[in-house]
Every structure is written in structure tokens, then in C-alpha cells.
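Pasting the structures here.
Each of the next two complexes has chain A plus one other chain: chain B in the first, chain C in the second.
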Partner chain A sequence: MNALRVFRYGLLVGARDFLVFWTWKTWLGGWMLRILTSVLVWVLVGRLLNSPSTLNYLLIGNAATAGLGTWAVAAAAWDRYSGTYPLLVIAPANLAWAIMGRMSIWMFGWIVSSLLTFAFLFAIFDLRPHWQAIAALPAMVALLSVSTFFFSAFLGSFANLVPPLRNAIGWALVFGLMTLTGVTVPITFWSTGVQVIASLLPVTHGLQALRLIMSDGPSAQIWSAIGLELLVATSWLILAVMSFNRFAERGRANGSIELV
Partner chain B sequence: MSHIPEAIVRVRAPFSHLEGRRIFRLILATIRAQSKLSIRDWAVLTPVIVMPLQVLPAMAVFIASNRVDLAGYAITAALLFSIGQMCFSVSSEIVSNDRNDERLELLVATPAPYAVVLGARALVVSCLGLAGFVEAWLLTKLVFGITIAIHHPLILSLALAGSAVAGGGTAVLTAALFCLAKETRTIQNAVYGPFYLMSGILVPITFLPAWLQIFSPFFFFYWSAELVRDALSSAPIADVSLRISALIGLGATAAVIGALILTRMLDKLRRDGRLGLA
Partner chain C sequence: MSAIKTSHLQRVYKTKNGSDIVALDDVSLEVEQGEIRGLLGPNGAGKTTLAKILSTVLLPTAGTATVLGHDVVNETNAVRRLIGIVFGGDRGLYTQLTARETLHYWAALYDVPVRETRRRVDALLERVGLSDRADTRVETYSRGMKQRLHLARGLISNARVLFLDEPTIGMDPLAARDFRSLVRDLRASGCTILLTTHDMAEAEAVCDRVALIDHGKLIAVETPASLARLISEHERIDFVHDNATLPDTLRHMSGIASVTKVADGLGHRIELTHGHALQPVLEFLVASGVRQIATSRPSLEEVYVNVIGDRGLRV
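Coming up: the complex of A and B.
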């Protein structure tokens, strides 16, 4: 219970972070314009290749991951810059929940970005998915966002260790997911070794489930993909909590907590 | 006392007392200083390193669709994603950063015109973005084993140099606009996407709706993208000088407008005595 309370306070700090960057108007006008146009840049590749199936593949992949992975890794390192990191380390509560709470506000942004992108693309490409797909969409997008968030938290612990690299790690996450997890090409495109890595990453299984739902695939496959995505998400959550604490302990041991 | 009128003249006409050679020396000194700063600054190096990674998903789609002939499109996009990030994210924050770090007052107090200093710094940052081309080329070679041939090396060099100049020029304008506006982040984010889409940096603009294509020639990336793609393909290229002129012309126009806005804004802040306060 205490973990939830700490997480909630972290989330409140995160909400303040969010408001420093955005109001709902600037978020809709600035951020969403960026997301929608970037997604279109990729979806138009389907037109360039003159292949409706590629267009459809890119549309679902890019809309499901629109905005996914942005800001959160950087937010993990902000306690370093605000000088609150040492206080979190000496507090009796687990610092992982506090930092993850602060990061998590951006996850809600991913969910809304993705759902708005789907709505926009369905409208301009005149697509009419069946109602089960539409009903499942919010839950699937939330699943992808949550598992990506747990993976971001794991990466965020490294951003905490080397704060100047926070944005590089964040971008590598975004482009890594875009390349490897079946957003632009099926993971079978890659060699077996890369496919193993992809299957350990968030998004891979969940996006596969979403694609099956959209194409009315067999429900057994859908549920097993969802199960795998949940398994991947939980594993990254455990690793993230361990990793945050390990680095905090390391900082305590070698006296580098106050040094950014 | 006799110095005071001269000082007033300086405020009104910042360029009048500097002849060309001194401006040139100022530009060189600024370029040197910015290069030294950039090499140690992760905020500058991060976009150069990560943006070209986008060549990977683009190449993957083309290879999966048996269209390796479009490899040039992927590398062009990766290059322009890097230059774009350098211009709109790094350079555009130069003025706001100078302001936040309380460096702007010192720079404005020197006899060197701030707009020239800004332009030279933006040019350095923009040139660093060119490394995106090399990185994207190497990634394509290492990951996919595909060597992208450069059929028109001279035109490619001109296109790259022109893009860097135009990127620096455009950044002067965006930097001036971003520090004028209250909602910096909004404008900054709202600029990237439409700029990329309208310029056809990954997919040529012929795949956009016709009514949108009319606006594309006003974006310098449109000219960069077309020139770089053509330089990588074996077909002969037409109207090279005209197209490079359009590219540099757009950058120069943006730089001049940006410099005018910036000079007027700084003059007003100085006249009102609010430079350090705003």
C-alpha cells in the first residue's frame, strides 16, 4: 500500500512537470500535430510502394506506437537535476516508486496520443474497422504503453546513473522499438538472434495481438500474445525496481549520489 | 562625455561601424568557439548520433518490399531528420539558453552584432547534422550489407553544403521566433512534423494530396530532399544551379528576416531597460 502512496505522490510531481511543458491546448495543437504528421510521413511509404497492405501494416504499427516512449526516460533523471535524488535515497520508502510515479505521467500521454492518431488515420484513410477491434483498441494501446513504461523505467535507472545520456537513451528506445518490434516490418524480417531480442522487448507481442484483433484472427493466438506481453511487462517492472535500488546503493557506497 | 553620442549610434545601427573583414573575423571566432562547445555538449551530440537510426526502419520496409532501389530515400530521410533536429531543437534554443544562462546581456553589450554571432553558431550546429549522412550510410552498410552508390558526388556535396547553410539560416529565424513566443515548446513541436511531411523527406511530395504540394517549394527541406535523392540516383539531374539557388535563397531569406526580428527585439529590450528582466 505504501508503494502505491509513494507512486501517487510521484505522479503528482509528474503532473507538475507535464504542466511546465504543456497546457491541454498546446498539447493538442503542438504535440499532436507533430505526432500526426510524423506518423503520416511513415504511412505514406505504403503509397510510395503502391501497396495497400504495407500501408495498412504501417498505419496500425505507427498509430499504436504514436508518441510511445517519449519523455519518460528523461523524466527519470530529472530528480538528479532538481537535487531531490539524494533525499529520495535517504527516505525510508523505496525510491523506485517515487521516480516511476514521476515518469508515469508521460505514459498517459502515450495512450491518448495513440488513440487520437488511430481516430485521425481511420478518418483520413476512410477505414471502418469492425466494432470488436474498436472496443479492444483502448485496452490494447494501454497494454503497449504500460509495458513500454516498465521497460522505460529500467532504462531510466541507467539515465539516472549517467544523466547527460538521458535523451540519447530515450531516443534509442523510440527508434529501437520502431525498428525491431514489428511496427514497420514483421519481426520475421530479422535474423533469428534479433528475433529473440525482439521477443523480449515490449510492444512485440502486444502489437501482434492487436494486429490479429484487427484482422479477426484466432482468439487463442490473441490471448497467448497478450499473455506474453504481460509477462514481458512484469519482468521489466521487476528488473526496473531492482535496478533503481542497485544504482542508488552503488551511489551511496561510492559517494557519487550528489554528483551529476 | 564625447563617447556617449557614438554609443547611441551603435545602438541604432549595429552594423555600421564594422567593416566586412571584422565581421568575417567575428564569424570565424564564433565558429571556433561553438565547435569547441558542441563537441563536449551531449545536448548537441545526441541528435547527431540518434536521429540517423531512423534509416533502419526505413530500409527494413524497402528491403521487405523488394525495393532496395529506394535505399537513397531512406538515407536522405535520415540525413534530414538529423539536420532538422539540429535546427529546430538545438539551434532554436540558442537564444533562450543564452537568456536563461544570463549570457545574452553580455553578448548584446559587446560591439559584435548578436544576429551574426547567432547565425555563425547555428551554421556550426547545422553542419554537425551532416554527420547524419555518414552515419546513415554506414548503418545501411553494416546492418543490411547494402552499399549506397553516390552517382553524382559533386552535386551531393553541393546539396549537403546548401542544406547546412539553409538549415543555419532557418534556425536564425526559428530561434528569434521561439524566444519571442511564450509557448516555445508548442511552436517547436508544431514545426518539425509539418516541415518533414510537407517537404517529402521520406516519401516524395507527389504522394501528397495535390492541394498540399503547392506549398512544398516554400520549405527548404523540399529542395534538399529532391537534390540529395537525385544525387544518389544514376539518372541525369536537371536545373542543378536553379535548385541549389532556391535552397540557399530560402535559407538566406529566413536568416535575414530572423536577424531583423532579433535586432529589433533586442533594441526594444535595451531601450526599455528590460533586457535582463524579460
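Coming up: the complex of A and C.
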């Protein structure tokens, strides 16, 4: 219970971080406009190829991951810069919940960005998905975002360890997921080894499930893919919590945690 | 039971080229419950390293340290529930939060029950004089207000041992005085405080006893009064004069430890062996026609390196 309470206050800190960077006007007119432009380019590629299935593939993949960005990973390092990190280390609560709470505001940003992108694309391409797909869409987008967030948290623990690399790590996350998990390129395009790696990453299974839902695919396959995505998400969450704590202990041993 | 006890505590850092830096060397120290103990030393003396080990931010290389009987290495969680740490400067706060939100956040991290949190936050805000600005963002606070909020944060868990690391650094004199008054009030509540500082006046104002530390070694433990006496005994006189024989004459006077040239020009510095020598030496200088004279006291650093160290005091 206390972990949730700590997470909630971390989220409050994150929300205030968010408001340092964005107002609702700049978020809609800057961030969302950029996202929509970028997704639109991919979807238009599908349309130019005159292939409804390609259009569908690119639309779902790009809209579902539209909001994905580097901020969450960067946010994992911010306690180092504000001098609050040593205080988190010596607090009795697990510091991972506090840091992940702060990071999580960006995950909520991903969810909203993605849902707005779907709404926009459905409107301008005059697409009419069946009602079950519409109903499942928010839950699936949330699952993909949560799963990606846990992976971001794991990578964020490294950004916290080496703060100057936070943006590089964030971009590696975006590049890796957009390239390997079937967002624009089917994972079958890659070699078997790369496919194995892709299966361990967030988004891969969830996106398969979402595409199956949108095309009214078999329930068994959908639930199987959702189960795998949940398994991947949980695994990254466990690794993230362990990693934050491991690096805190390492900092205590090598003296890299500065008080000021 | 002592509030803080260290035994042969040592901390060695490895540099990038593989060599060792001894930040803390064989430090044995005992602080009684309810005591305000100053830890005095220049930058790099090892004060913060000791505070970091005792507050579980850093592991010692050798030796042991306990806080209220709990080992800082093997009983880390028990220690963490008993301590608070406050450091100086602007850092360590979420400046976008309000003071009230800040304290609620740290109450959650210290697992203070929700119902108790509200009462404790209100009481602490009142105690540190921030009730009026409790719902204003910390980024708008002055340095002194931030420091008071830091103190409230350090106390949110009802800490029984508080580590204050250079808490008044950068504060204006009035704010620093108010802060020290708050620290003195804490003694009444039975809180043990370890205060690291390089400011003698601060140590004198709030500490029961002061541990002098330099180059990672504990040099002495004294009361602030005896430290002040040591400093006052070693006054010095700077003077400017073109009489080349005057320094030699001075060297033969009683109560003068040394006369040294301090600059390329005509300036000299007289180091006295005790405070009683000040008046006769000043009178002699005036009688000798010296018109540029200034007296000063050695810095704390000079006292404990050149004076206390030479006297061979031990804890």
C-alpha cells in the first residue's frame, strides 16, 4: 500500500515536471502536431502503396506508439540533478517507486497522445472499426504504454547511474522499439535472433494483439498475445525495481552518491 | 546507549588511476543521546564522509558505526527509520512542489501513517515558521525558508538522530541565526544532532561539544568554549614599518612566537604565544613609531592544524 502512496507522490512531482515543459496549448499545438505529422507520413506511405492492409498495418503500429518519447528515461536521472537522490536512497521506502512515480507522468502522456492519434486518423481516413475494437483500444494502448514504461524504467535505472547519458539511452529506447517490435516493419523481416530479442521487448506482443483485435482475429491468439505482453511487462518491472536498488547499493559502496 | 558510536571507522576511495584516497582514517567517536555535536573541519577534512556513512549513504571500508545501537551496514533499514538528514544550499528539494506537498511526500517515503501525516505536517510547518507559505511553491522561497523546509523534512519521521551537513551555508546572518535557534530548540525534544560545519561561530552557538577533524582523522573533541579560548590565545599582529632592525628586536620580546615577512613590501606578521602578550607588544610597536597596525586571530583551520595538532591533544 505504501508503495502506491509513494508512487502517487512521485507522480505529483512528475506532473509538476511536465508543467515546466508544457502548457495544454503548447502540448496540443507543439507535441501533438509533431506526432500527428510524423504518423501521417507513415500512413500516407501505406495509402500511396494502394494497399489497405499496409495502410492498416502502418496506421495501427504508428498510432499505438505515437506518444513514445525519451522524457521518461530522462526523468529517471532528474533526482540526481535536484540533489534528492541521496534522500531517496536513505528513506525506508523503496526508491524505485518514487523515481518510477516521477517518470510515469510521461506514460500517461503516451496514452493520451496515442488515443488522440487514433481518433484523428480514424476521422481523416474515414475508418469505422467495429465497436469491440473501439472498446478495447484504450485498454490495449494502456497495456502497450505500461509495458513500454516498465522497460523505460529499467533503462532509466542506467540513466540514473550515468545521468549525462540519459538522452542517448532514451533515444536508444525509441529507436529500438520503433525498429524491432513491428511498428512499421513486420518482425518476420528480421533474422531469427533478432526476432527472439523482439519477443522480449515491450510492444511486440501487445501490438500483435491489437492488430488481431482490429481485424476481428481469433480470441485465443489475442489473449495469448496479451498474456505474453503482460509477462514481458511484469518481467521488466521486476528488473527495473531490482536495477534501481542494485545501483543504489553500488553507489553506497563506491561513494558515487553525493549529498549535494 | 550512545546515540552514535564509531570504532576505527575508515573510508578509502579508489581514484580513476587506481590509487587510494583515505577520506576517513581510524575515527572512533561517541555521541551521547540528546547531545548536539559539532563536526568541525575545513573542506575535504572528512566531515561529510562521516555524515554519509552514519546516514547510510556510504559504506565504510573498515571499522564499525552504530546509530542508537544499530549497525549502519548490517541494520540499514532500522537505522534509516531513526535518522534524518539535512544539508545546506538549494538542492535536495522538489522546487515545483509546495512546502506542504513536500512534507506529505517525505512522510509517505518514511511510511508515516496517513492520518498522522496531516497533523505532523501542520505542526512542523508551524514549528519552522512556514505555515503562512505552506501552499506556495518552494521555488519562490528564500534560501532561509528553503533551509527551514529542509529541517522540517528531516524531522517528518520523528527522527531521533539528525545529521545537519553545513545547514546554514549561503544563508544571510539573520536567517542563519533563526535556523540555529531552531536547532537549539530540538535539543529540548531529546533529538541528538551531528552538525558538520566549517564555521566556528556556528559550532559555538549550538554545539555541546565539537569534534575537530582534518585529513580524515579526528584530532580532538573539545567544548566550544575551550576552542574559543585556544583561538583567543593565539592572536597575531600585522604591521607595516621600514625599520629593518625592528623585527629582530621583536623576536627577543616575551610572548612572541615568530615574526615573519608577509609580503614583498614592508609588512610583517607577529604570532603571539598567548593573549597576554598582545598589549605590551602593541605598546612597543606604537612607541617604535609604527602607525599601520592590525590585529587578527588565526582561522579555525590554522588553529587545528598548527595549534591543536602540535599540542598533541587526543580524544
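Assume the second predicted complex is superposed on the first by the 252 of 260 C-alpha atoms of A that agree within 3 Å, B and C clash if a C-alpha of one lies under 4 Å from a C-alpha of the other, contacts with A are read in each partner's own complex, and residues count from 1 in each chain.
By our rule, contacts are C-beta pairs under 8 Å (C-beta built on N, C-alpha and C of every residue); 3 or more make two chains touch, one makes a residue touch a chain.
Model, not experiment: these values are computed from the prediction.
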### Query
Between chain B (first) and chain C (second), which, if any, makes contact with A:Val41: first, second, both or neither?
first
### Query
Just chain B (first), just chain C (second), both, or neither: which does A:Ala253 touch?
second
### Message
Just to be sure I read the superposition right, which of the two partners does A:Ser235 touch: chain B = first, chain C = second, or both, or neither?
### Response
neither
### Task
Could you tell me if A:Leu58 is touching chain B, chain C, both of them or neither one (first, second, both, neither)?
first
### Task
Report for A:Val89: first if it touches chain B alone, second if chain C alone, otherwise both or neither.
second
### Query
Touch check for A:Asn245: first (chain B), second (chain C), both, or neither?
neither
### Task
Enumerate the residues of chain A that count as touching chain B in its complex and touching chain C in the other.
none
### Message
Show me the residue ranges of chain C that touch chain A in the complex, using the header's touch definition.
### Response
11, 13-14, 48, 51-52, 55-59, 77, 80-81, 83, 85, 87-89, 91-97, 101, 104-106, 108-111, 114, 153, 165
### Message
Give the list of chain A residues in touch with chain C in this complex.
### Response
2, 5-6, 8-10, 12-13, 16-17, 19-20, 82-84, 86-93, 98, 252-255, 257, 259-260
### Message
Applying the document's contact rule, which stretches of chain B touch chain A when the two form their complex?
### Response
42-43, 46-47, 49-51, 53-54, 56-58, 60-65, 67, 70, 73, 183, 185-190, 192-194, 196-197, 201-204, 207-208
### Query
Within the complex, which stretch of chain A touches chain B?
21-22, 26, 29-31, 33-38, 40-42, 44-45, 47-49, 51, 54, 58, 164-165, 167-168, 171-172, 175-176, 178-179, 183-186, 189
